[in-house]
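I'd like to ask you about the structure that follows.
Chain nomenclature is as follows: A, B, C and D, assigned in order of appearance, with residue numbering initiated at 1 for each chain independently.
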Amino acid sequence: MIALIKLIYLGAAVCFILGLKRLSHPATARSGNMLAALGMLVAIVATLFDQEILTFPVIIAGIVVGSAVGATFARTVKMTAMPQMVALLNGFGGGASALVAGAEFLRLQGGVATPINIAITIQLSVLIGSVTFSGSLIAFGKLQELVTGRAVTYPLQKTLNALLFASVLGLIAWLVVSGQPVPFIVLVGLALLLGVLSVIPIGGADMPVVISLLNSYSGIAAAMTGFVISNSGLIISGALVGASGLILTRIMCKAMNRSLANVLFGAFGSGATEVAAGPAGALERPIKQISAEDASTLLAFARQVVFVPGYGLAVAQAQHVVRELADLLEKRGVEVKYAIHPVAGRMPGHMNVLLAEADVPYDKLFDMDQINPEFDRTDVSVVIGANDVVNPAARNTPESPLYGMPILDVDNSHHIIVMKRSMRPGFAGVGNELFYDSKTTMLFGDAKDSLKKLATEVKEL
Amino acid sequence: MIALIKLIYLGAAVCFILGLKRLSHPATARSGNMLAALGMLVAIVATLFDQEILTFPVIIAGIVVGSAVGATFARTVKMTAMPQMVALLNGFGGGASALVAGAEFLRLQGGVATPINIAITIQLSVLIGSVTFSGSLIAFGKLQELVTGRAVTYPLQKTLNALLFASVLGLIAWLVVSGQPVPFIVLVGLALLLGVLSVIPIGGADMPVVISLLNSYSGIAAAMTGFVISNSGLIISGALVGASGLILTRIMCKAMNRSLANVLFGAFGSGATEVAAGPAGALERPIKQISAEDASTLLAFARQVVFVPGYGLAVAQAQHVVRELADLLEKRGVEVKYAIHPVAGRMPGHMNVLLAEADVPYDKLFDMDQINPEFDRTDVSVVIGANDVVNPAARNTPESPLYGMPILDVDNSHHIIVMKRSMRPGFAGVGNELFYDSKTTMLFGDAKDSLKKLATEVKEL
Amino acid sequence: MIEGLVELLVVFVLAMFVGFEVITKVPPTLHTPLMSGSNAISGITIIGAMIVAGRGDARVAAILGFLAVVFAMINVVGGFMVTDRMLRMFKRKKESE
Amino acid sequence: MIEGLVELLVVFVLAMFVGFEVITKVPPTLHTPLMSGSNAISGITIIGAMIVAGRGDARVAAILGFLAVVFAMINVVGGFMVTDRMLRMFKRKKESE
């Protein structure tokens, strides 16, 4: 029986592996997710036959409540709130690992001395699980704007965090030796605090990277739990998630051309830099503005128009209007394309998801590599609430924090219309030469309003 | 202590994994091999501390003898005899697994009843190990031309092999139940026979695929041995090799555009097809011949010459002469390139190794994809003992066994000179339209002789 | 005991390798679904939660067990469903191509 | 006993996955060295051979053990050295590029 259950766990782990493999290719992603879910179902059912399980009511109650809550979350969440949703779910996963380890700790209190390896893994499991829990909740709060999205900094921040981390490790060492439950609760408290304090100094826009990292942690927490209860199913799955989360984090950092250390400790997007770089340059130099009327004429008589959406599109929720405008232009014979930068917006694939929601056809979306050679032949590029991803400083200014990031070369097109509300900088907090380019005209205002005006004008032409 | 040894085995396995990863990229391959060797060394040293080991003389003697023999093999083998060397070494590996399982079987005879899972894995280990051993030796014999390289076929061959296989499985089942040693020896005998009979019907040129498959078997045999002695180091390494061997086999089959089943059971390169397709076409239709003198003039005054080496280059050992001729032509200002087809010759990378031996600069060798667009601009292509890899039937004749295999498009060049000894077909046993092309001229004779003549003529020009 | 730990460590290391190898060169478009999908997989801790909750422990441990099951289940169900919702969106677009 | 077997099976399956993932898209040039390199790794059976040979068994088993060590060692030493010889050849060419 035990052997059979273990075999089934192995089967579940194989499902997870194959599921993850499929998840990393667009065509097979959906079936991959289903395969992984199937593996989970099988593992859960098999566990019901585990001989260690004596009573079912608590389990069944837990499963029903958890499933209901999870399903409600998943059903009601808006597409644009996906990143914070993932953060929240991740927090629950980490919390569960910590709780399992806690229960195990309590149980072992009664009997004989806990073997040292179990003691260590229990503590690690609690530590990682609790950090994941509170860290994920903060990430959720930042993205949901319950907590400030800015990077919160204060003096001696790093020193404080390092001290906290050291004392947690010290507590674990102490616990391993003594096995007393009181400092155990302290450990939980400190671990939760550590999670909060390490995520607080990170800017809201870096949250996807943080979530990916915390996701990796929650995998490792699950693996640790596996060590605690000697279950290789948990270990495999946990390690899988741990490793793939790390890789994903690295891939995301690369796409932004920043190091993980810079993301975690760089306090990117803190108020300080933003103010310094922003208005200073803005006041001094002349920019050209354009009226909605003129802009619409420009668009209507162009041969090729490229829309370059960015974070502002998401803020303004302008995805439907942009589609409407595109339809109008296409009816007039204008070739319309969308240029999708890999880190436009605030989560990976942000623009794809938004535009997909507005039913923009898939074949109109172009990757950076595909669209960059096209700008030469583009009459008008319309930058809709994008900033950093079209900042030429990434090519020209070695001092810029953006330097080295591949960007969309909109400045190669004949005209550029930039829609934003002000001269404020974007996520990286730096000014943008593009706005002062002789070919650039600014159309100030909320992106949705501006686009609506354009659409009305084009209709009347 | 045991835990430490196990940890070390894990370390060794990690070395193997990283080594294999590096081995699959040209730039890192050599360091990968060294890393794997290091892992092996560490594993061997750690094993010396295993508590099961009571006496050392036998071990030391075995290690000394084995190392000496292995090193001698490795030092003295000619570069061109590499495939058979690998086959031979592989055979020893498989044999070792079978021997270990055999010794374990003998030991367990004395005591209590053998647990069923151990009994099964012992038998499997012996079976796979023995098949690998005898199969590899036959592959070695074929390539070394101790056994005929042709596909040996006889009536009811497949039926016989299937029966043999079934009876081996039957014996294993019987053994598991009874545990008697006599049929054990029979098992070994039958397994050896099975190895011989499954490789005999495969043509010599398909041996690289067979060796890769047998290599995969020897990995699985090692893993089975790991199950027998409950050693996860053996299991990991064996499974690694087993899986990578399978993948490699598949990659190689794909490069030849054939299925594994076709390689194993297709009796490709058996005498039958060869005779049927060969001289029949050759006698009827006119071909053009060229003298060495005319050919050398053609070459000397060309702007670009592409050499297309094939199996005949290896047979004639003409790699040094071709280099000499190329040097002479280059001195006269002719642009010389080499076109390397992925399955030219009889082993993967065959041409690369040969030409490397003759110090042909690496950057003069071009892959199929790189060189194919170049043939348009090529004045003379010199086909040196290649046949199938330049056969246009692969593009035009759906009935041909070559159909679908990507080939070198030499027929796009202005002139083609083909060097071979006769009109006999190549490995696939089919005629070649290229030889009747109006742009093609044949230069009959051993490739080395012909090239020498050409070199002499070019010198005198 | 320690020996058993090493066995488990072997499994852990191998699984890490598999994880590393499997997730390479994912296109940025798939980062978010991949993140939430693998996040759902980390809910495998549900197994541990079930074992702890079903052991019929004393009061505090039982409450912890119940909470663990709830938390893990939220992660699992929410995770897979959210991922599917996201991927369905991509899918639809592809077909209309 | 059977349970232990499953644990080992877990390791086997995971290692297979690693093997599959690691060897993808190898260029044909490297097929032969890769084959002989991985072949040398399969000589890991030397560990089993050493254990069997060192156990101080009765006559037949001892002979088998000795032969096993010899065979495995030929595979290991020959395999790695041959691979290195091949790769050295490639290497040299690259530098002259």
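Going forward, contacts are C-beta pairs under 8 Å (C-beta built on N, C-alpha and C of every residue); 3 or more make two chains touch, one makes a residue touch a chain.
Computed from a predicted structure; not experimentally measured.
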{"item": "Which of B-C and A-C has more C-beta pairs touching across its chains", "value": "A-C"}
{"item": "Between chain D and chain A, distance of the C-alpha-averaged centres to the nearest whole Å", "value": "43"}
{"item": "Separation of mean Cα positions, chain C and chain A [Å, integer]", "value": "17"}
{"item": "Euclidean distance of C-alpha centroids - chain A vs chain B, Å", "value": "48"}
{"item": "Numbers and ranges of chain C residues touching at least 2 other chains", "value": "2, 5, 7, 10-11, 13-15, 17-18, 22"}
{"item": "Overlap residues in chain B, where contacts from two or more other chains coincide", "value": "13, 17, 232, 236"}
{"item": "Complete list of chain pairs which touch one another", "value": "A-C, A-D, B-C, B-D, C-D"}
{"item": "In the complex with chain A, residue positions of chain D that touch it", "value": "2-3, 5-7, 9-10, 13-14, 17"}
{"item": "Touch list for chain C against partner chain D, complex", "value": "7, 10-11, 14-15, 17-18, 21-22"}
{"item": "Chain D contact footprint on chain A (complex, rising order)", "value": "2-3, 6-7, 10, 13-14, 17, 232, 236"}
{"item": "Residues of chain C defined as touching chain A within the complex", "value": "1-2, 4-5, 8, 11-13, 15-20, 22-58, 60-62, 64-94, 96-97"}
{"item": "Touching residues on chain A, where the partner in the complex is chain C", "value": "9, 12-13, 16-17, 19-21, 23-27, 29-30, 32-34, 36-37, 40, 43-44, 47-48, 50, 52-56, 58-59, 61-63, 65-67, 69-71, 73-75, 77, 79, 82-83, 85-86, 89-90, 92-93, 95-97, 99-100, 102-104, 106-107, 115, 117, 208, 211-212, 215, 218-219, 221-223, 225-248, 251-252, 255, 342-343, 347-350, 352-353, 356-357, 359-363"}
